[in-house]
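Shared between the two complexes below is subunit A, which pairs with subunit B and subunit C, respectively.
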Partner chain A sequence: MTQNAKGVVRVLHEVGLHARPSVRLTQLAKSFSSRIEFGPSDEGPWTDVKSIVKVMKTKTPKDALLHFRAEGTDAQAAVSALIALVERDFETET
Partner chain B sequence: MNANVGIVIVSHSPDVARGAADMVRQMVGDDVPLAWCGGAPGGGLGTNVEEILAAINRAWSDAGVAVLVDLGGAETNSEMAIELLPDSRQTRVVVCNAPIVEGAVMAATEASAGSSLEEVRRTAEELKPA
Partner chain C sequence: MVTLTGTPVAPGLAVGPLARLAATAQVARPCGSRAEERDALAAAIGAAQEELAVLLARTGNADEEGIVAFQIALLEDEELTNPAYAAIDAGKAADAAWRAAMDLQIDDYQSSDSEYFRARTADLRDLFERVLGQLAGNGVEAIPQGAIVVADDLAPSRFLATDWSNGGLVLHRAGATSHVAILARARGVPMLVGVDATKLDGHSQALLDAQNGLLILDPDPATRRAFDRQRTTYALQQVADARYLATEARTSSGERIRVMINVAGPDDVESLDPAHVDGIGLVRTEFLFHGRDRLPDEEEQYRVYRRLMEWAAGKPVTIRTLDAGGDKPIPGLTREHETNPFLGVRGVRLSLRHPQVLNVQLRALARAAVGTNLKVMIPMVTLPQELERCRAMLAHAVEQLAAQGTPAATPPLGMMVEVPAAALAVEEFEAAFYSVGSNDLIQYLSAASRDEPELTSVALPGTGFLRVIRAICEYGNREGREVSLCGDLASDPRHIPALLDCGLRTLSVAPAALAAVKATIAKC
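Let's look at the complex of A and B:
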């Protein structure tokens, strides 16, 4: 069943969404089938989290808010997992 | 057999090629077949067809191989190396029109998610200086 999910998280990583955090975010997003986007506010503009090039182009700085929205069969799990990744400073789960 | 598209980095400088490969490994991880080559046989700058061919074979994946190159000869020698592959493999190798370091990281990120060769190439080539 298609779900819609939303969530907000603050980027605390020292350099914001630079290369390595962006790669991690994109890789995790691609492990879900849902369409997932983020934006600086809950009105966008929206960026496809599965596009590494588009994610890096946002140049999201430290302390910025990431508003996620997802649509698909695993939307809720996707938003939860992405927020958890940002909260643990983009470290891979061990 | 790895199902992900492989990445080959071809630079005139072995240091550049090795460094770009290090960035891919550290940023993207080990889920992508990766090989690099660079430098002239006698030392110094250059690229050569045999080494590129060997690198493509080291990074081989049935999903295909995306090649990132720097300047001039790296591209033409890569195209020659592809022509030396068996017919069945030639159609599964592409040279990306992208900056070598950034393109390699972008391509590997896309490849690590199991994307097709065409998607990997498109992602590498999507990257343009702002």
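Let's look at the complex of A and C:
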């Protein structure tokens, strides 16, 4: 069944969405089948989380808010997992 | 003989033939059919991905892994590769199509306002050259071992694929924050940046002195002999010191000396082994407050402190509350245009005038202290009342947290000893521990500014300073309170015998000085 999910989180990483956080974000996003996007507000503009090129282009700085939205069979799980990743400062789960 | 200067970004000395790396050659491939060109590009990208996967498996640490993983992720992204395939469909050859697609990305990064994003241009060029090399049917030219490599810039993956034993690196464009500089420091490869590579024509041998920022071309015999002596001394010293890194520090008579490190935050300890230290003697928390438009909140500070406690795994970690002012201004917090900032509203004097800022920090510290060996240290204490006001605020913070059901603990509260009036009367302060801030204490005792180059011979740890240290140590021993020293003095092997002689048994030093300090202690 197709779900819609939304969520918001603050980027705590010292230099924002730089190379390593972006890699972790896109890798995790790709493990879900849903279409997942993020933007600086809940009205976009929206960026495909599965594309590292697009994610890096947003040049998202530290302390910026990330609004996630997802659509698909695992939308809720995807948004929860991505928010958890940003909250633990992009560290891999231990 | 020609001597060029540059900025050292990774220490060390190297000697060898000059190896100049040319920029990527323009490869000309005959253009096949569209299907052939699409297949050629796909095969080249696939081969590049395999090369990167091999590199990833070989990487030695998190920095290296991050750089290679970023390039792998870029190659997997259709956003990057689709424009290249589109260019082939429009009639371009695979190499020209790849060049056009990558130029688009590189230009975007190159024009960024942020130094960080501009530095990533090197990663994109690296990827560009890797795929292009595959298309041309050959890998990139190998970098000779044991050479002084000079280039405009160097791709991180080429750095990783090179054997750097006895070699060195000189780049024109890269900065201290570039990936290559990070890798060079991690691998111990001497490296200079900002050297004008156009002045190298006609030279073949080079001496690289990344201690003093010099590149000496075709040295005369006397210079060469002097450099070889310097290099031998340095190498022997490194080898001799390294043996002490992983061992507990003991004097020649077997007395145990605790050696801790001074850090600015979690990034500083990431590459260090906690087994090599007796704890963290000083965490400067100013870094949390710098280069940003708002102060860090409780949650953010808590996470940072917690990461440090996790790294230390039970060993003591002394976290100093915000020590702003003096030479460390923070916009919106410290005062502007003080006539004499080092004698002004700084350290605890500033914190007590901004209790809301100090309260947030104390709450975060009390939370991070749960189940850990965290200690809190107050900077620039002059009067006992200042320490008592901090103690009351800490107690209040713990009560507040308890009332709202948040786990918190009261960490031991100690003080920096850097103001002479406090240093001469430590018995008046109810501190759990005393840590001597030698940089400030020396400048105040000698009335000589520490940033005045003409006064370096005046601002010395003389008899007066050592007498004060001895008195503090005697008091600490008598009362069973720990005394340590966390200034630059402790990192300088020349001063260690005198400090131990005064009775100091705990030193906190720069991480890079750990091995040398332990080696020096063993000879005391």
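Basically, the second predicted complex is superposed on the first by the 94 of 94 C-alpha atoms of A that agree within 3 Å, B and C clash if a C-alpha of one lies under 4 Å from a C-alpha of the other, contacts with A are read in each partner's own complex, and residues count from 1 in each chain.
Keep in mind that, in the parts below, contacts are C-beta pairs under 8 Å (C-beta built on N, C-alpha and C of every residue); 3 or more make two chains touch, one makes a residue touch a chain.
Quantities reported herein were computed from a predicted structural model and do not represent experimental measurements.
By the touch criterion defined above, A:V23 lies against subunit B and subunit C together after alignment on the C-alpha atoms of chain A.
In the superposition on chain A, A:H67 contacts neither subunit B nor subunit C. When the two structures are aligned on the shared chain, A:D89 is found in touch with subunit C, with no touch to subunit B. Looking at the shared chain after the overlay, A:S31 reaches subunit B, while subunit C stays out of its contact range. Measured by the number of subunit A residues touched, the leading partner among subunit B and subunit C is C.
Once the two complexes are overlaid on the shared chain, A:V53 sits against subunit B and subunit C alike. Of the two partner chains placed by the overlay, only subunit C lies in contact with A:V15; subunit B stays clear of it.
On subunit A, the surface patch touched by subunit B in one complex and by subunit C in the other comprises residues 19-20, 23, 26-27, 51-53, 57.
Subunit C meets subunit A in the complex at residues 66-67, 69-70, 73-74, 76-80, 105, 108, 112, 114, 116-117, 120, 123, 267, 292, 294, 300, 303. On the subunit A side of its complex with subunit B, the touching residues are 19-20, 23, 26-27, 30-31, 50-53, 57. Interface residues of subunit B facing subunit A in the complex, by the touch rule stated above, are 26-29, 105-106, 109-110, 112-115, 123, 126-127, 130. Note for the complex: subunit A touches subunit C at residues 12, 14-15, 18-20, 22-23, 26-27, 48, 51-54, 56-57, 59, 62-63, 89.
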